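Okay, so here's the structure we're looking at.
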Amino acid sequence: MKNLKLSSLNGGPHRKTLVKVGEVTIGQGFIVIAGPCSVESEDQTIETARRVKEAGANILRGGAFKPRTSPYAFQGLGIKGLQILEKAGKETGLPVVTEVLDPRDVSWIAEYVDMLQIGTRNMQNYSLLKEVGKAKKPVLLKRGMYSTLSEWLNCAEYILAEGNPNVVLCERGIRSFDTYSRNTLDLSVVPAVKEVSHLPIIVDPSHGTGRLSLIGPMSLAARAAGADGIMVEVHRNPAEALSDGDQSLPPEMFDSLMKKLKVVDDCMKKIAG
Amino acid sequence: MKNLKLSSLNGGPHRKTLVKVGEVTIGQGFIVIAGPCSVESEDQTIETARRVKEAGANILRGGAFKPRTSPYAFQGLGIKGLQILEKAGKETGLPVVTEVLDPRDVSWIAEYVDMLQIGTRNMQNYSLLKEVGKAKKPVLLKRGMYSTLSEWLNCAEYILAEGNPNVVLCERGIRSFDTYSRNTLDLSVVPAVKEVSHLPIIVDPSHGTGRLSLIGPMSLAARAAGADGIMVEVHRNPAEALSDGDQSLPPEMFDSLMKKLKVVDDCMKKIAG
Amino acid sequence: MKNLKLSSLNGGPHRKTLVKVGEVTIGQGFIVIAGPCSVESEDQTIETARRVKEAGANILRGGAFKPRTSPYAFQGLGIKGLQILEKAGKETGLPVVTEVLDPRDVSWIAEYVDMLQIGTRNMQNYSLLKEVGKAKKPVLLKRGMYSTLSEWLNCAEYILAEGNPNVVLCERGIRSFDTYSRNTLDLSVVPAVKEVSHLPIIVDPSHGTGRLSLIGPMSLAARAAGADGIMVEVHRNPAEALSDGDQSLPPEMFDSLMKKLKVVDDCMKKIAG
Amino acid sequence: MKNLKLSSLNGGPHRKTLVKVGEVTIGQGFIVIAGPCSVESEDQTIETARRVKEAGANILRGGAFKPRTSPYAFQGLGIKGLQILEKAGKETGLPVVTEVLDPRDVSWIAEYVDMLQIGTRNMQNYSLLKEVGKAKKPVLLKRGMYSTLSEWLNCAEYILAEGNPNVVLCERGIRSFDTYSRNTLDLSVVPAVKEVSHLPIIVDPSHGTGRLSLIGPMSLAARAAGADGIMVEVHRNPAEALSDGDQSLPPEMFDSLMKKLKVVDDCMKKIAG
């Protein structure tokens, strides 16, 4: 990366980009994005939104258009999902983030939400990157499951180059050979990003591990490694989830995690002095 | 994959899909797709097309829209590139294939070419897959550099499920830890595809190795492993190529490779005989 | 791993093995192993030992027999290195750990040190594992850079099966495709080990990242993820180190890290209640 | 590798090392090593030896000391296995190769066999490499399942540096993320070795794929890629094999493969002209 002249690198670690999502600022203080993998119904989404809000989450997540490995799997509720998500955001006062899959959908989806997410499969979908680069909403850019740090920052650059400076990176696990966890969460990329870029970075331990028992410890570790936040899947009843049930926290586990995160966050602030 | 009921698997190895690209049939006999990485000028493209035609190539390749890691790298000539490619195809009688990046471009690009290519970065760009599934042109589906066989076949399924049965798979190397070659060409996926699917599969040793000296041996090996063809980058003057110069064969090396391929192809027919 | 009946798994997460190394107990409380990559001279080793002891380290590390990629690289001081290490341990009161490479050397090297280390390259060197299984000293078993959790626990089993119950696992990074860090430190294996095994696990962020700037954050993250300790390379003058200079902390950085670790450790104890 | 001054590289592709194993020469002409994964009984071994000899194999393989992932799996017949292997070699006139695991066993095992094998798990077991470097027998050095070309050649160098010039490299698959095959056979390393080193290289498609249906096609591909030979597991009754039954060819499949290999070999000789 020595020879790159990326605006994602300009100022390197000394300049810090702060990204506003609704009333929440990412890049100063530790934030938590939580919510169901998929928006499945109004009832489920609003109840989950209330639970995560009460527990202290800052932003609500929820998928309306789902990129699924098989064309025959549940593909999301589409526009109905967006309407539910918007309503859940308004009722709880939480800004909302959702994934976009198609460049043709970016501008109208942006009307419903506060932040647009680019998923791991689309990290190098340059048409989509350019389109969110033209949108007026901040972007959550997930790392490709196969991508180097340099490639990832180049994708951020595609967005920045279109005039949208509000990019938040999200580490979500890379593909490796072990099968115990679904992916290998690469936490060392957190201080690496801090070292070379001014962009904020959060961590997704739900996809990063794919295993309920690992999400809590890796969330605390993400904070200790210096991440600006985490994104976790929460479902009021994981056993009934239409997608990612295996890695969705039930609300009571999320409550407990939030309390632990608060303790680690306080101690990390103390260290930062 | 045992539990999948994919139409890409229906009939398994016993049913064979033949894909017609112009007058060329993929899936019976060994075919060669050749041409420059990028269409750079009319002169360069037509000269290269003539050279590969004379050497025995069956289909002409050339990129008009290039997916580049950096937004500041050469992005292709766009529509002008397509016009040049179409002209080169007509002058030589070769059908042409080019990569599509954006679902909004599929229908009009399909007017210029005989086959649409989905690149490795877009293997799981489901909007794009659905759009080429609706097109009336055959599709060359490259394997994601991080993808399992099962995920790849599921992506083929996205295209088939839209009603387009003309899918050709293309192995182009997976990402691994070694840095001697650009990617690790996984030739064993060729007999694996033959074992579980009815779709034809070709091999791209140019991207698969990224190294001039390895392209020839791996092309012969691809034929011996049972591939239905190869796709190679050829440039009249690789040192001046605007992209992938390091892995583009100069015409005389391509001539020599074609002669060797003929010998191996004859011997493999004898074995199959 | 469901079908394995390993004694490394017996009792799973509920039984905890405590491993005594000299007067230090691994498996209750967070411990720090520190010292130079290689023992280079008496002066260097004793000075470094004093510095890490003052900063709060619990065990001294130092290599006398070095497994080097090239046969022409510095191979360690051998027996002289062991004598120096033993002396440094006695002068500071720190127990010492050193790597063994050859089954013929295990019994006599065990006379000089308090703990025997199996390096990543020898994780599946079964002759060596059996020999340390017969030794009366505790064993630090590094994870192979390519190994699954299941394979790693099976290697621990080789040691346990010989009658030595005192095995401590050490995560040191796995091999992946990114080149920003030397290896990919897989912290999620820490809670995974806690979930399935009774053995203690520590983390080596020096080899795990190979990059000075990442060692501190990943040490704190290791503690937050639930590790029983870390092992870090410290050199009084990294620029002059005969091996691993790029990833060795100078003493003042180690001092600072130890202070931060203390804060995180206190907070994690609070969380554990 | 540019900066390495290895004797394994001296002369690069222009100097060719020929390795004599009994009366067989590796490095000129294509050779086949075949036999059971493990020596299980005299009956089984001698019958298999006769079958592979009749089919045209050049060298007999058979494991007497088996490196198994679990300490509770069959570990081989030991010295009895060596005696059987020696007998089978004498009865058929085939030289024999077997794996060594422990530096203490090298000199006496060398009395029984014509070639010593270093397995993938021990590629960087430097004590063992040095010991076979002192032996008077040729060495078959398997690639570590995680190793780069440069690391592999450095391991060959450990052997050469002890005065034993008779090293044959063996590609046996690297570890990747796909689970369809047991490993990912990296055939591109064959022309890569030919490009930078004077050492012969063979391919092991049995371990490289772990799947019966892939062994044949990958054997032919190995020949076409320029390998100096292959090593395959053959068992008179794979269903009863004590190890690697899933990837052992029954004799009739081996017969058929040998006939196809002959055709491809003839054609490749023609190409080489």
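As written, the chain order gives the labels A, B, C and D, with residue 1 at the start of each chain.
The rule is short, and it goes like this: a contact is a pair of C-beta atoms (placed from the backbone, for glycine too) under 8 Å apart; a residue touches a chain by one contact, two chains touch by 3 or more.
What you see is a predicted model, and the numbers here were worked out from it, not measured in a lab.
**Student:** At the chain B/chain D interface, shared numbers over all numbers used: above half (same) or below half (different)?
**Tutor:** Answer same: the two copies use largely identical residue numbers here.
**Student:** If you take the mean of the Cα atoms for each chain, which one ends up farthest from chain D?
**Tutor:** Following the centroid criterion, the farthest chain would be A.
**Student:** Just how far, in Å, is the C-alpha centre of chain D from the one of chain C?
**Tutor:** Chain C and chain D have C-alpha centres separated by 34 Å.
**Student:** Approximately how many whole Å separate the CA-defined centres of chain B and chain C?
**Tutor:** Distance between chain centres, rounded to whole Å: 48 Å.
**Student:** List the centre-to-centre spacing of chain B and chain D in whole Å, with centres computed as mean CA coordinates.
**Tutor:** 34
**Student:** Please set out, as single numbers or ranges, the residues of chain A touching at least two other chains.
**Tutor:** Residues 146, 175-177, 179 of chain A touch two or more partner chains.
**Student:** Within their complex, state which residues of chain A touch chain B.
**Tutor:** Residues 4, 67-72, 101-104, 121-122, 124-128, 144-146, 151, 154, 157-158, 161, 175.
**Student:** Over in the complex, which chain D residues touch chain A? Could you list them?
**Tutor:** 175-177, 179
**Student:** Using the touch definition from the top, list the residues of chain C that touch chain A in their complex.
**Tutor:** It comes out as residues 1, 146, 148-150, 174, 176-181, 184-192, 194-195, 208-209, 211, 213-214, 216-218, 220-226, 260, 263-264, 266-268, 270-271.
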